[in-house]
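All chains are identified by letter, namely A, B, C and D, in their written order; residue positions are counted from 1 within each chain.
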């Protein structure tokens, strides 16, 4: 498959460009018989939507989803589910002066070479963060499917912005607090600091990065197809398709590589008749297969590449150094908008594996 | 595809079990006309082979590769290249007492559940690190292909063992020093410390983890298929198929998420008529596409799960807690044997994308 | 991939239902730089459109294509090309009484069981011949790509309706005559007889089948990936995705199996410096690979399943025999509308293989 | 995937060349827990083996299968099952004079161009009928899986050799008679005539083709993934990967295209509480989905291309016409050896779809 699709039995295909006529997604392989309406998807899209507060871009992306196929009388039919969002608030002119000046950190230069300048460069075109709305459309369905058909739940939150980190370890009680603030950090005190930091960066014409943590609970033992479709392989593949993601780790991850085996090994015990591990340094995955513990992942986002400060760069026409000042409305930090995107891709990947493993059946 | 294969146009299929009759690999999609003989593959297998020194397992894995198809009169034919290694030094009895006691950190438990106990558990079976020899077989060919057909070179080395880290940043001149010591760290002084640390852990019946860094040079601009077959997506998918890998980052990675955009953005300039970036925080990939800079990746390995110390665990038969002491010969640290495995999977992934992009042609 | 997509490097995804909101297609993997506008696609859609004359259904399917992504300033961008047709002339009520009475020859019964009655049954839903418009959308682009990038041309025509067969063998001069009559048979005299036969069948409330012949010229030597992606394998797979197709043969096909080797073998000779065969019983494919001769294929269509006559069947509710009379507007013979569908799927398959073989490059 | 693999969840990968060191097959995705030993596979290989009588080639292909992975203590493990046959009776010299003279009807010329002469030409190399033994290895397992896990049975037989056709229609009672004669035709009288015809052709240095019929019974309703992985699509794709196959039809096939809808439609009725059709012109497939009736297919084989008679051809070196006389030991008719190959590929395809549909589970 070319690069616009992901999954094996549950396949998301994303299409559209930031300033094109529409963006959209097709979810093929979703079991027939899932109750589904547009508001199931809209809710999660709204969590990703920009322009909601001071810390995100003031662009108004209506992001109203329209289902055009695959749902009949309120239930999925087993046929591909097609979802559309029509683009409206396009200010393509903002990008006209960028056409020749390469924006540092963006895909402009490699995309220009790869597609021999035929790519739609407006607003980042196919590479715009806006396209993550298509992931959310498909993921919202996968997430509902997981919940309804297998009681699996996936959530994620902001655990770090720049150098500001959460103090406590995440626990499941915090889930209800995630969307209570703009940065989507369930620790109120830290959330405030994060917000301030973002506003400071914005004031300076700069940007921040951060870390999203994802936790998936009630995963049955046995998801993942060794060797090359290990659960970690497929989850990381999905994560690295999100713009700005530059690192992914499971369980104790990079920190775990500094531990000794006797410290990092999770010892087995029995709780309420169920085999569990006392710790979860493995992040719920051993040998590429889920072991029944929560799947935990940390995802590193680089600081947003679009900054208001002047930067030196190359003008592709003159092949000389020049000064670039990116205009337009941009997020000083994309991390607060990322949790629904992470949730969507985690849900798509886990649901795909649940279908492969026979945990979820092709018809509900 | 089920999980034993990776790649789209250049596909590696791995087969075999640690204590079965043989392990092997098929590489399908390799262009016809590549000069190839067994010693091209053997050389890289020997770099991975255990039993070479004090710091690795004393198991003797002959690991002699035999090509049984796809090569004719010294050149690849365009047909699938099949490679075999017959297993010999099997001490399956060592694992008999393990059959019911779940080894912490290993795939025993999830594999047992997933395959309803039909899986071959001897020596870790399909999940054994031994299987990475099959990756190396395929990767050795891909690496040669990249070099011959596109002058792309990939190398990796140990940059951290436990808490011991290299002092200097890696530079290309260090490449020739990688295999000059047992830990495959190009910094001699640090290599010695790492070796001592591993021997210490071994003495205590414990194990260590560490970090491998990978660098691929002379990559043309334009590899990677957005959105979902981004170069980072496919490289990370390959890395997470290596047992013990729990984290992957590109360029500035997790550290980059603490920087500001003005610090992390790589500014463009021109050098010898070629557009390059002054820094390489992106790790050579922007928007999922190679930008012509070296591709840099850091891969976190957890400490080896097999340790000689007693550990509490569950006996699957009695469903009660018990004490386990893993016998047999095990690596106190797998990291020094990992560079050829990382190189193999990087080469396979980059070569696959080179074929997709038309950089390498289906016939040389 | 679930079943809504076809191809490896050039992938068509079809979506929508006969009486849903829209039908559409995504073509992913089309090289950047192909000049493309809606009328390139519309022309071929119009050839498939019903309601144009007495011998086809009087339903008015507007079939106006709208490109919503993947084309920028008149050229393909390398991103997925999304095309939509909004449904309008829906008379879903005609199908209400069919909901429980199984229509012979249709997918009603197996679809009902497969999807546990969640499938959209209106107008045949996902199984309607109307969906072949989505193949034509993608195929029109592939056909233009083949012509522009490789000078390959594909055409097809009606060679048989019921028992009426063309008298002469097809030759390339006939191509311009194909669309000069309603049945798309380039032999005028035979075309008239075919038309009469169809009208007769219609009068009796019955239907006819027939045979389409396809010929693709200027195919370079070397397309096809043995063993399992042979050119015949992939072309036949595409053909059997067309509703009503029940047979496919290449070159001398079924008749060839009655010949002797000395009669059926195509002998090589040289013409204008080019190696060709004196006959073309192979249909241009040897060992699954194109040999440079025209690719010839014959495709058998069963008579249309929807007939006005009363038929005995089962009522799924009562599980008893009953009488069914299909109403609505139906084609007494779908064959005359099939050539553009065949051309589309042939073009998609050949273009996919041209990309795989490197004959067409990922960027024009 | 390159061309050496077929299937989605149950994937067969074929490797090896006719005169190479070995041929073999990997079956990945086979559920764990299937009882399996070499003789399950050997039995079906023996049915395909040449040199058993006067009407087939006198080459001795030992064809002794060896399982080297994926089976543990008599049961499949869920890991890839690798099977090998070592080549022995190679007379590659017979082919030396063929190297420059193009053999009519063979893949020599297109393969030479496609692989730029790097392909292994000995004995047809990768294109030899010998490679169908790899299909049989995988198919024997799939066939057993279908029987054990879903009670689905598939059989095929010779229904026509040259112009000699069976007189009666096949019925299930004939199954036990198929392997009672050398031509594998269950009609004794016709079998004798077929045998004589083959011997006559052989005497004249000529060859014959014929038709194989395949019938699969007890198929549940609901296999097949519309639109593009219709059951007919995937079965035909598999059939056309067999050398010499030039036509495939389901149910009434080409003959059905001459019927009227009222004649060809299969009317529904109820028998023993089960919905069936009174006739089976659909060949058990409607809308690309199995409808519960037996799946019937006819497969046309061209006459064998290797004939002893002199043929005019081109010498690729001189680029001039020359006379070729193929030596070596060849089948005057490959059809009698084809039923196990057809059965194998039918079983692989149906089992793949049974896994996709959830009819067969990933672990038995």
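In the analysis below, a contact is a pair of C-beta atoms (placed from the backbone, for glycine too) under 8 Å apart; a residue touches a chain by one contact, two chains touch by 3 or more.
Because the structure is predicted, anything quoted here is derived from the model rather than measured.
K.L.:
With respect to inter-chain C-beta contacts, which pair, B-C or C-D, contains the greater number?
P.N.:
C-D
K.L.:
Based on CA centres, what chain would you say lies at the far end from subunit B?
P.N.:
C
K.L.:
Please compute the C-alpha centroid of subunit A, do the same for subunit C, then give the distance between them in whole Å.
P.N.:
A distance of 39 Å separates the two centres.
K.L.:
Any idea how many Å lie between the Cα centroids of subunit C and subunit D?
P.N.:
About 27 Å, centre to centre.
K.L.:
Could you tell me the distance, in whole angstrom, between the mean C-alpha positions of subunit B and subunit C?
P.N.:
46
K.L.:
Two or more other chains in contact with one residue: find those residues in subunit D.
P.N.:
1-5, 8-9, 14, 114, 126, 357, 363
K.L.:
Could you pull out which subunit C residues touch subunit D in their complex?
P.N.:
By the definition above, subunit C touches subunit D via 1-6, 8, 12, 14, 102, 104-107, 109-111, 113-114, 126-127, 131, 160, 162-163, 201, 206-211, 221-222, 224-230, 232-234, 236-241, 243, 245-254, 256-270, 275, 277, 281-283, 286-292, 298, 300-307, 309, 311-314, 316, 319-321, 357.
K.L.:
Contact residues on subunit A for subunit C in the complex?
P.N.:
1-5, 8-11, 13-17, 20-24, 26, 28-29, 32-33, 67-70, 72, 75-80, 82, 84, 114-116, 118-120, 125-126, 363-364
K.L.:
Under the touch definition given earlier, write down the residues of subunit D that touch subunit A in their complex.
P.N.:
8-9, 356-358, 361-363
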